[in-house]
Amino acid sequence: MTPQEEQFWAKIEAEEKIEPKDWMPDDYRKNLIRQISQHAHSEVIGMQPEGNWITRAPSLRRKAVLLSKVQDEAGHGLYLYSACETLGISRSEMIEQLQTGKAKYSSIFNYPTLTWADVGAIGWLVDGAAIVNQVSLQRTSYGPYSRGMIRICKEESFHQRQGYEAILALAKGSPDQKAMAQDALDRFYWPALMMFGPHDSESAHSQKSMQWKIKRETNDDLRQKFVDQTVKQIEVLGLEHPDKAIKWNEERGHYDSSDLNWDEFWSVINGNGHCNRQRIEHHVAAHDEGEWVRDAISAYNEKKRAKKAQNAA
Amino acid sequence: MSDIKAATLEYATRLGDDSVVLGHRISEWVSYGPFLEEDIAYGNVSLDYIGRARMFYTYAAELAADGRDEDDFAFMRNDREYRNLLLMEMPKGDFAYSQVRQLFADVYYTVLLPELLQSKDETLSAIAAKAIKETKYHLRRSRDWVLRLGDGTEESHKRTQKAVDQLWGYTHEMFDMDETEQLLADEGIGVDVSKLRDAWLKMVTDILTEATITVPEDSWAVRGGRTGYHTENLGHMLTEMQIVHRSNPGCKW
Amino acid sequence: MTPQEEQFWAKIEAEEKIEPKDWMPDDYRKNLIRQISQHAHSEVIGMQPEGNWITRAPSLRRKAVLLSKVQDEAGHGLYLYSACETLGISRSEMIEQLQTGKAKYSSIFNYPTLTWADVGAIGWLVDGAAIVNQVSLQRTSYGPYSRGMIRICKEESFHQRQGYEAILALAKGSPDQKAMAQDALDRFYWPALMMFGPHDSESAHSQKSMQWKIKRETNDDLRQKFVDQTVKQIEVLGLEHPDKAIKWNEERGHYDSSDLNWDEFWSVINGNGHCNRQRIEHHVAAHDEGEWVRDAISAYNEKKRAKKAQNAA
Amino acid sequence: MSDIKAATLEYATRLGDDSVVLGHRISEWVSYGPFLEEDIAYGNVSLDYIGRARMFYTYAAELAADGRDEDDFAFMRNDREYRNLLLMEMPKGDFAYSQVRQLFADVYYTVLLPELLQSKDETLSAIAAKAIKETKYHLRRSRDWVLRLGDGTEESHKRTQKAVDQLWGYTHEMFDMDETEQLLADEGIGVDVSKLRDAWLKMVTDILTEATITVPEDSWAVRGGRTGYHTENLGHMLTEMQIVHRSNPGCKW
C-alpha cells in the first residue's frame, strides 16, 4: 500500500470525510461519480412524473405544494451535480451520459403517473424509500456527498409528509378518491421496494461500496426498514396493504413479506417500462430547445466582455 | 351588498384571475427550461403568482360570503367567467415569448403595486405589500433575460423581436378602466390604471432599447379580458387546470 | 367596343355563363379571382374556429357531425381553389396571398369560438348568412363559380340545419346550456349580419360586380333576407333576440332593425380581432411543417419516374 | 349476467376504446395537415373510427343494460377504466409518426376483421363487415404514405425510420390474449389475436422493406392497455375529450 492509500484508508477507518482535494483511489472516484450522478439524474428525471400533474392539481394549495416540491427536486439535482463536479466531471458530461443512456436514473421514474393520487403516492412511498436510503448516506465517506445528503434529507422528509397528507385526504375522501388512493398504493408499493436495489447477494456494487463506506447499509436491511415503517402508515390510511403476505415476525422483530417480482424489475430497467423512452426524449427535447437560449447567453456575455476590455484599453 | 363591496369583490377576482392564469402559464415551463437553474426560477415565479391568486381569491370569497372558497373561484368558473387580462392567457410559446410576456407583466406590476399599496382597503394593500417584494425579483429576472436574448445571437434577437411584436397588441387593455374600476379608483380603493401607461411605456421602452429591440407602433389592440371575452387559449388552459377538480364534484383535496 | 367585348356582354345579358376558355375583360377576371379566392380562403380558415372544438365535442354524435362539417369545408376550399385556378392563378399563389395578407378571408373567422355553443351558432348563423349569399351566387355569370355554388349550397344547408339543431338541443337543455346558447347567439348575431359587407352606398366593389352579374343582389338586400329569416328561428329556440329594436314593418314587408356597429366591423378587419394573427399563424405553421412531407412526395415521384424511364429505355 | 355475456361486454368496450382513442388522435390533425386533401382524408379516417366506436359502445351499452349509453362509455370513464391498446393513445407526433402508427393499426385490422366477421355474435360480425371496407381504404392510404415517406427524401426517411423504431415496442400487446379474450375465442365469438402476429409481421415487413425502412428487432415491449395501465398520454387526451361533457353532468347534447 502506498502512503497515499494508507492515509486514505486511515481516514475511512476513522470515519473522517474524504474531501475533493484528498487523494482517492480511482475506483472510489468512479464509483462515487456513478452513484452521485445517478442520484442527481434521478432528481432531475423525477421532476417529470410529478410535473405531469402540476397543471392539473385539483386545488391551489396542492398546486403550490407540488410546484414547490418539483422545484426542490431541481434544486437537489443542481446540488448533487455540483457535488459530483468536485470529482472531476462536468455537468454537461453528466447530462450527455444521461441522454445517451450511459448513466442511469432511478427506474421508479419509468412508471407513469396516471392519476392525481400518484403524486401523493410518490411523495409518500418513493420519497419515503429515498429517505431511508439517504439517511444512511448522511454518513457516507465522501464529504460533499455526505453534506448534500444532510441537506436533502430535511427537504425530503417534508415532501414525504406532504405526500402522505395528500394521500390521507384522498383516503378519507369520497369513494372515488379512496379508490384512487388504493390504486396508487397498489401500483407504487412494489416499485418503491425495488428502489433499494437487488438482494444483497446479487448486488454488483454493494460490497466494495460498503468497504469504502460510500454505502453504509445493505439493500435488504434498508428495504426492511421501509417495509416496517410503511405497515402502520397504511393502517392509518385505512387502505388495504398491497402485500397480502405481510406479517409481523416477533422473533426477527420485523415484518415478513412476499418475494419481489424481480423479473418485472429487470424488465422495466431494460426498457419495457411505460416511460423509459418518454423521460429521456422529454429531457433531450427540452435541452435541445434550450440550445439557442444558452447560445444567446454566451454571445451576450462575450459582447459585454469585449466591451469592457475595449473600455479598459 | 353595497356597490363598493360588490365592486371590490369583482376587483379582487380580476386580480386573482390575472395571477392564477399567469402563474399557470409559467408553471407549464417546469422541466422544460433551457437549464436546471431556470426550472427553479420558473418554479419560484409561478409559486409567487399562485400564492397571490390565493390571497386575492380568499379575499373575494370573504366578500362574497356565499360559501365559496378560493378553489371555487379558480376551478369552478369557465372562461366566460374569468376576468383576467388577455396577455396572461397567451400560450407559453418559446422561451423568448414567455420572457417578453413576463417583462410586460412585471413592469405592469412594478407601476401598479405601489398604487395598490396606497389602497384604503387594508387587505388589498397588504397583498400589494407582499407582492411588491416578489415583483422586484421578477422584474430583475425578466429584464435580464430580455437584455440577454435581445442582444444575444441573431436568432435570439429575432425571436425576441417577434415576441414583442406578437404581444404588443395585448398590452393596451392593461390600462383600460371601466365603471367598476373607476368607482374603486374614485373611492381610493382601486388603482386608476389609465394613468400608468406612460410610466409602463417608459420603462419598457428603456429596456427594449437597451436590448436592441424595436418598440412596435400601436397598430392593433385586442381587448376583452375584463369582460370575459377571451382568446381561444384560455379555454384550453382551464380545461387542463380544472379537469380533476370538476370530475370529482364537491370533493376536498 | 371590340367584337370580343360585345360577345361577352351579350352573354352576360342573355344570362349565359362565361366559361374559362371564353374571352373576358381583365377587370372581370381580377374581380372574380379576388372574390372566389377570398371565398376559398374563408372555407379553409373557417376550419379553425370550429376545428377548435372537435377534440372537445360533448358527444360522439356531435363529434362525428362536426368532423364531417369541417371536412366539408376543406372540400369546399378545394373546389373553390380549382374554380379559381381556371382563371389563371395557381393554388400556391393563392395560399401565398392569404399568408401574406394580400388576399382576405371572411372577417367572421377572426372572432374566437369560446364555448361549445359557438359551434352551433356558427353552423346556424354564419353558414346561414353564407347560404343567403351563395344562393344568389348560384346565378353568378362565371360558369365554374356558379356550378360550385350550386354544389356548395346543398352541403351548407345541411350544415345550417345541423348547427340549428345543436343550438336547439342547448336552448332546450339545462339552464347552463341555455345560457351558453344565448351567449353564442349574442356574440355571433352581429358579426353574421356584417358578413354581407358594408352598406350598398359604401361598398367598393358592388356596382361593377352587379353589372358583370358576378354579384346578383346587393349587400343590404341579402342582409335583410337573413334578418327576416332569423327572427322566427330565434323565437322557436325560446332565446332572446340580440337586437332589442327588431320590429316587423308591415309596409316594407320586412323587419326593421338596429344600425350595425361598423366601427367594430372595420376594427376587426383591420387587425383588432381576437384571432386575426392566430388564424394566419396557424395556417403558416401547418403549411411550413408540411413542407418536408410535400418534398418527400416530389422526391418519391421523381424516383418512380426515373425508374420507369430507365425500364423503358 | 353470464360469463360469456360479461366477456362480450368487455370485448366490445375494448374494441370501442381502440376506435375512439385512435379516431380522436387522427382528428387532432384536422387543419394541421400538409395540404388540404390530407385534411379531408384525415377527417374521413377519423369519422370511420368514431363511427366504429359508436357501434361497439352501443352494443356494449345494450349488453350492460344498466341505463348507460354510448356517450357514458366514451365520456364518463377515466384512463384507468379505458381498455384501448397503447398504440392508439400515443400522441400525434409528426406526420411520419402518425402515418406509421396508422399503418400498424390498419394492418392489424386487415388481419383481425376477417376473423371477427366469422364471429358467432351477429352484432360483432356486422360491425366487422362494415369496418372491413373502410380498412381497405385506410390501408391503401397509410401504405402509400409510408412508401412515399420512407423512400422520399433523406429527412422523410429518417423521420419514418425513427417513428417505426419508437412505435415498434407498442405493437406486441396487440397480439396478447387474456382469459376474457380466450373464453370468447374458444366460443367462436372473439378473435384469437395471438395467431395473427405472423400475418401482421409479414405484411408490415413487406411494406417497410419496400419503403427502404429497417424492421426493428423486438428489443422492448410495453404492455398494459387491456388492463387499464396506460401511458401518461391517455390522461391528457381524455382531459380534453371529456371536459365539456363532464362539466355539464347529466346533460343531453
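Going in written order, the chains are labelled A, B, C and D, and every chain counts its residues from 1.
Please note the rule applied: contacts are C-beta pairs under 8 Å (C-beta built on N, C-alpha and C of every residue); 3 or more make two chains touch, one makes a residue touch a chain.
Just so it is clear, the model here is predicted, and its values are computed rather than measured.
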**Prompt:** Looking at C-D and B-C, which pair shares more C-beta contacts?
**Reply:** C-D
**Fill in**
Most remote chain w.r.t. Subunit A, using mean C-alpha positions, is C
**Message:** On a C-alpha centroid basis, what's the spacing between subunit A and subunit D, in Å?
**Reply:** 36
**Asked** subunit B to subunit D: how many Å between their CA centres?
**Response** 42
**Fill in**
subunit A residues touching 2+ other chains are 56
**Asked** So which bits of subunit D are touching at least two other chains?
**Response** 78, 239-240, 243
**Prompt:** Quick one: do these chains touch in a line, a ring, a star, all-to-all (complete), or other?
**Reply:** other
**Interchain contacts, given as pairs of chains that touch** = A-B, A-D, B-C, B-D, C-D
**Message:** Under the stated contact criterion, what part of subunit C meets subunit D in this complex?
**Reply:** 44, 47-48, 51, 54-64, 67-68, 70-71, 74-75, 77-78, 81, 116, 166, 169-170, 173-174, 176-177, 282, 286-287, 289-297, 299-300, 303
**Prompt:** For subunit A, which residues count as touching subunit D in their complex?
**Reply:** 49, 52, 56, 112-115, 183, 270-278
**Message:** Which residues of subunit D touch subunit A once you look at their complex with the stated criterion?
**Reply:** 78-80, 166, 169, 219-224, 229-232, 235, 239
**Request:** Name, in rising order, each residue of subunit B that touches subunit D in their complex.
**Result:** 78, 236, 239-240, 242-243, 246-247, 249
**subunit B residues within the subunit A interface of the complex** = 20, 24, 27-28, 30-40, 43-44, 46-47, 50-51, 53-54, 57, 70-71, 74-75, 94-95, 147-149, 151-153, 155-156, 159, 240-241, 243-245, 248, 250-253
